[in-house]
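Same chain, two partners: chain A is paired with chain B first, then with chain C.
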Partner chain A sequence: TPRHATPSIPSRTLAARQPTNVLEEARTRLHVSSVPESLPCREQEFQDIYSFVESKIIDGTGGCMYISGVPGTGKTATVHEVMRCLQHVADVDEIPPFNFVEINGMKMTDPHQAYVQILQKLTGQKATADHAAVLLEKRFSSPAPRQETTVLLVDELDLLWTRKQNVMYNLFDWPTRRHARLVVLTIANTMDLPERIMINRVASRLGLTRMSFQPYGFKQLQQIITSRLNKVKAFEEDALQLVSRKVAALSGDARRCLDICRRATEICEHSAPDPSATGLVGMSHVMEALDEMFSSPYITAIKCASVQEQLFLRAVIAEFRRLGLEEATFQQVFVQHQALCRVEGLGPVGVSEGRAACQRLGACRLLLLEPSRLGLLQRVRLNVSQDDVLYALKAD
Partner chain B sequence: MMESCVTHAPSWSSQQMRGVSANQMPEMKSSQEVVIVIIINMSKRKVKDDHMPVGECITQVQSILRERFCHQKLPEKPQAVEAQHKHLLELLKRTAIHGESNSVLIVGPRGTGKTMLLKCVLRELLGDKEVQKNMLEVHLNGLLQTDDKIALKEITRQLHLENTVGDKVFGSFAENLSFLLEALKKGNRSSSRPVLFVLDEFDLFALHKNQTLLYNLFDVSQSAQAPIAVVGVTCRLDVLELLEKRVKSRFSHRQIHLVSSLTFTQYLERVRTQFSLPGSFPDAKFAQEWNASVKTLCEDKSVEEVLQRHFNSSKDFRSMHMLLMLCLSRVSVAKPTVNPSDLLEASRLCLSDAKADMLHGLSILELCLIIAMKHLNDVYEGEPFNLQMVHNEFKKFLQRKSNSMYNFEQPVVMKAFEHLQQLELIRPVDASSAKTQREYQLMRLMLDHSQIMEALQKYPQCPTDVKQWAMSAFG
Partner chain C sequence: MTALLQHPGYEEQRLQRVAEQLPCRELQAGTLLALMGEPQQYSYPSIFIYGHRASGKSHVMDVLMSELELPNATVSCVECVSVPLLFEQVLLSFFGCDAASLLPRSPSLSDFVRIYKQQCSQSPAKETRYIVMEKSELLRDTDANLLPALLRLQELVEDNVTVILLSEIVWDVFRPNTGCFEPLLLNFPDYSKGELLQILSQDRHPSYSAEFYLSYINILLGVFYSVCRDLRELRHLAALNFSKFCEPLTEGKAKETDTHKLWKNIEPHLKKAMQTVYLREVSSLQWEQMQQMEERESGAVRGLSAHTHVELPYYSKFLLIAAYLASYNPARTDRRFFLKHHGKIRKTNFLKKNEKMSNHLLGPKPFPLDRLLAIFYSVVDSRVAPTASIFSQISSLVTLQLLTLVSHDDQLDAPKYKCAVSMDFISAISRTVNFDIVKYLYDFL
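Right after this comes the complex of A and B.
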């Protein structure tokens, strides 16, 4: 019956194939999902969170911590590692045992579902959101002998925002109760989130224990890749340096770095003359992967557009120059379009043909358009810079 | 039977132009399928002798080519996209065989063969027995799954998870989500079956609240859970800018761009191959003759000119198929070959201007009002006008003429004006129309000068004085 179903994906008939050569091995290791045993370059942050949680568990008190940083800087991974280590220490009885509960704002449909998920992970009970809130309130406010400390990790905190902010208020208010023994670790992207979206009484309960994860520098990214590869020799030194320098300059996102390396191994594999004798991943392969992932598709799209579409783009620019504005109606552009057609020696272009070209450019977002029922009065803007358009049209 | 084919065909192809693939609209296909079944039954009876009567040959031709043009039948091998084909195939193969999670976006303008590429890759991939047994597929379309709740139910249904009974999915939205995530979390790289998610109209999924579905799919693909491959298909080039930062970070930034870098000679060649009959055609002699006639057709100068014009206006394959379809529908038993004139006629149909055609159907009074509006536009440089101004302008024209043939009452003029508004040839400036009286409501003309002049030239029995009035520069 669906009520007591155990969620699972059917298992496969044939086991997955294991990697056979160096590049495949490297690719498996470089996949974002294969989180290493210990995270390089986050020792300081690890230590801070570790001592914060450890002290709370030993003292049997509660508290909050706010962790921020741009995506892909290892926030969640670090917290998970801390919890793994603490669990290990608790298993050998050096600190009192504790519960670990994790919720993620993006993985629930509504902020109030947080109560349901916390309750279910703590006690296994299923309840509606309101009922779960009451039960949790009772659990955290009434004294109970031999209650274990609970560590609650709230990922993507900004998604728990509601108009009255009661979910966030409760999450930060429970740790302040005397008997709660609750440690709340919250993770979000922006550093100033508490000041921006929280009302005073919520922000004050969150407290000032904050930590921000800086984006990785190029040396750190390089170290991360090397530690992942763990002596599998698949990359040239320079190639690694190029990837890490490029990514560090753009975002410092470790996921991006790993994805590019993985793509580079594929390119290397394809470019090799026979599959058995693939060399190391070199500069050229990495360059190609970087181009693929960072280059903008607009220029090739303009180059490959049909003649009328290219003419329309030129007409748009001509009209913008004439008006001195960055916006024109279709009718104004169309006059230029007709003139350009005459100059180019093409046959006269009809209104519906011109509009079709305009709509096609709008559909792939080279142009930004108003709704098409406005007909001739529809206003047109460029979604790319004029220089890009001119460059793309001139190049051939 | 033939007739019914001809009349229905354009509506199907226009359905497919909107990006709804045929397998999601079974009821649309059924009547065509019935027709094909009848055709096949008819052809089986007479397959013994080599030469079939012309009538049956034509039915065969119609059914083969119609399937090619209207049903977007997959070609044997995708043309001109070998590199992209290989990239996608390798990627999905690795998910299927090695259990590696991946995400990829296929981006390209409409009608460049994104879905065709994907379907070709899937056909080749599932041709492998080992893959076919292991892989689970989930197909979602942004036009059908308009919010995450529906999408989740659809995923659960297509995966046959345990909270489904028959085709019904139990539990609330939140329960469905946690059930699915739990199921995916239980899996691992080496033992659970890989799942392929195909998200058609990917950009519409980015409009869902919080992008929950995308976040979770990408998150699963980036963590050690059940292996999944997420393939998004979209025509928007700026699709990555629609994604939230945390969703974007989890996406692997692999994009496969499809652009048609066709030259005109390739385009001509493609028209020829698309229109030619395959070698497996039952009547070899007829097929030979047909293919020869198509070859001469494509070498014809006037046809080449027309095709050049279509090529200039757009390179997408759907508009080419539309043209060929219109051409094909003129082939009948009485006229078993395609002539250049058919193609010219089809092209005329394709390129005709809808607004100008609408003007042909107007009465003289309505046409006069349109001309008056044109003059107002000329004099006041596109400022909006109301009925009073138009009527005055019209009266000026009447005064200059002794003939009082067009002397209509105000209510009649008003009716004509309203009719123009209903046809959306004119449009109110602001939507709040309830406050002002109808005579004083400001309007704008939705026609270009060239359209008005063209329509006047072709208008049946247009009075000369009206024509002259239209030509004159100042009212």
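Right after this comes the complex of A and C.
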């Protein structure tokens, strides 16, 4: 029955299309999913992680490493590349063979599922969370001289947090056992995560092997794009520089940068008069893509709102100014709304209409509202700054 | 009259029958029929009907559904204490009990939609299906996603289905904060006096003439219309008092045309009914029995509110009196009332600006246990030991809801109480122990 069906993405029936022109070629190369073999600009971090894991594997000991950095700085990609290289080296027998196990906190319904997944990936056994914890405990604490080293990658570590922190504690405690031969690499977004959420006995076991990935600078971003494009001539130099400078100034997120470039190629393709003869992606295309990505949708929403909704927003600001507060009840705002209607020469507005306008604005999160059952005493707050509202209302 | 109810999709006779059953609601029924369209046409996904109590919302839907034989599921949201019951009822009335039994143990909204779709593909709708939700204001207290989903059920299940919500309150206080599909709003206005007259005069007694009954309804409305416009209530009162109205006729004292005499006879009776049976002080059965027994004056039976006399132990009475005094007197005046040697302080000197208002209008104020006991010892003449029984009497007064505990339940140290009895009640109690409470109340100084 459909009750037991597993949800899945429908599989592709047709083969993926081969790129036909330069822009399509560029787009496939710039796609986030096509990770290149070597990551530019992360050589130092690669080296550090590589030597850490390699030394542990050769010595047959265990250890933990904590890797942090804002999203889109290549943490996961770098670690995966390290593991690929090590696997290659292990295949040619330069270092002892090892197991690689990866778990992701985001993919689990419950932190305790981590045990189940680790056990399944290590031995293929299926067990409940408690039983899996016992089995893993036994495996990592009993001496087994022929056992291979296990490298465990824990992505999105902050989601494994439980109130007693036993999952984290176990993950960091196992490597310290004498016979464990376990290397744990953990990845999270914030640098001070161990200090913030972990209790002392967990944080101390995590140790001080920390690494933080800095956001990319504009030169690095430019290098990443050029290396991705790999001699495909689709972008003007200035356009690339603009994208990387903008992204570096805002977040330094490489994925964001690639997205903008891909969007710019689409814009370029659509704006070309003749589909066969498209030029290079220029400044104007990139500017348009950047605008789409970074401009606030709130202002556009206010600009496109109906007359009564715009009047209501003006009434909200007028009432805030009168009260000197950032909060008012619907009743108070509605009095202003009616007065504004009179001033504008519009017909008088009823309470139901006023509330409909108010609640539509609340539904698109321009206003923050209390539940509607409070009636006229529902309190209203702005979710955007007053300046933004005034700018949007004045612009026309 | 029936001209309003014309619709190409339905038989003439049936529409006529509908019109006969819906006096003064032809306009609304016509609008609804127009919205519903012909049976096989798609109707609007959701219609929200609001109007006061007894304005004929359910009745109109009921008559339309039953007379025109439309496939419908009428669900009362009061009965459906949980959402699964609601789903079950809808499936039951559309597809029979086999479909309802397909629902898993605790069905979610998606289970409902899945089973509905599955059943719907087996028996596709030839006509619009209607889900009528009575008292739909209770839908707001269920899961947040239920109301938005019901409003666009047509889209979700891909079937010709219309959800009709009936409620006494306006749509503005229904709308979820995240927005939803807006239903069509339809208002049922109140019946006017003329319309009430027309509807009420329909159920006349067969042994009397129509004009006679009409004049009775006229008198009834003349008395009750200013306080009550609820059709059900008026109908109930009309049925209760009609036998009294006919009395002069059966006794031969008056004829049907003696309107003034009949009015003279019934009017004080109706006035009394307003104070007794309308407030449910006297039950309808008692009222009828009272009419049977001529000699006993109606209203002589003590109503419900006259039964406020409660037998309390001696000290409990004083505890309650002390609690009342503590609740309604400002603490500053305690010296003046309860100590022996105090200087005479006049009320005007005492008054603060915010105390101009009577304490009895503001309601009782909380007081600590110490103050209650202090007042208690000063109002009781004899020496009372603070035994366990005194303290347990305080807590049993709380369980009797004569006192209320203001602070947390678990507080043993200095709990605060409020007195929850009325002035009449406490003066009745103080009369039984010969205590003049008015002398001790600050408001009546």
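Basically, the second predicted complex is superposed on the first by the 382 of 396 C-alpha atoms of A that agree within 3 Å, B and C clash if a C-alpha of one lies under 4 Å from a C-alpha of the other, contacts with A are read in each partner's own complex, and residues count from 1 in each chain.
Here is the rule we use: contacts are C-beta pairs under 8 Å (C-beta built on N, C-alpha and C of every residue); 3 or more make two chains touch, one makes a residue touch a chain.
Small disclaimer: the values here were computed from a predicted structure and weren't measured.
Enquirer: With the two complexes superposed on chain A, say which partner A:352 touches: chain B (first), chain C (second), both, or neither.
Expert: A:352 sits against chain B and chain C alike.
Enquirer: Have a look at where A:375 lands relative to chain B and chain C in the superposition and call it first, second, both or neither.
Expert: both
Enquirer: Quick check for you: in the superposed arrangement, does A:54 touch first (chain B), second (chain C), both or neither?
Expert: neither
Enquirer: Let me test your reading of the model: by the given contact rule, A:81 touches which partner, first (chain B), second (chain C), both or neither?
Expert: Once the two structures are laid over each other on A, A:81 reaches no partner at all.
Enquirer: Touching A:31, do we find chain B (first), chain C (second), both, or neither?
Expert: first
Enquirer: So, A:298: does it touch chain B (first), chain C (second), both, or neither?
Expert: The first partner, chain B, only.
Enquirer: Should A:362 be classified as contacting the first partner (chain B), the second (chain C), both, or neither?
Expert: A:362 sits against chain C, while chain B stays out of touch.
Enquirer: On chain A, which partner's contacts cover more residues, chain B's or chain C's?
Expert: Tallying touched residues of chain A, the top partner is B.
Enquirer: Need the overlap of the two footprints on chain A, from chain B and from chain C, as residue ranges.
Expert: 2-3, 351-352, 356, 360, 363-364, 373-375
Enquirer: If we count contacts the way the header does, which residues on chain B are in touch with chain A in the complex?
Expert: Per the stated touch rule, the residues are 86, 90, 97-101, 107-110, 130, 133-134, 136, 148-149, 159, 161-165, 170-171, 173-174, 177-184, 186-187, 189-195, 210, 212, 215-216, 219, 222-227, 235-238, 245-246, 248-250, 252-255, 257, 259-261, 309, 311-316, 351-356, 424, 427, 444, 446-448, 450-451.
Enquirer: Enumerate the contact residues on chain A facing chain B in the complex.
Expert: 2-3, 5-17, 19, 24, 27-28, 31-35, 70-72, 106-110, 113, 116-117, 156, 159, 189, 253, 255-256, 259, 262-263, 266, 270, 292-293, 297-298, 300-301, 303-309, 331, 334, 338, 346-347, 349-353, 356-357, 360, 363-366, 373-377, 383
Enquirer: What residues on chain A touch chain C, complex-wise?
Expert: So the residues of chain A touching chain C come out as 2-3, 351-352, 355-356, 359-360, 362-364, 369, 371-375.
Enquirer: For a test of understanding, state which residues of chain C touch chain A in their complex under the given definition.
Expert: The contact residues of chain C facing chain A are 104, 114, 140, 170-179.
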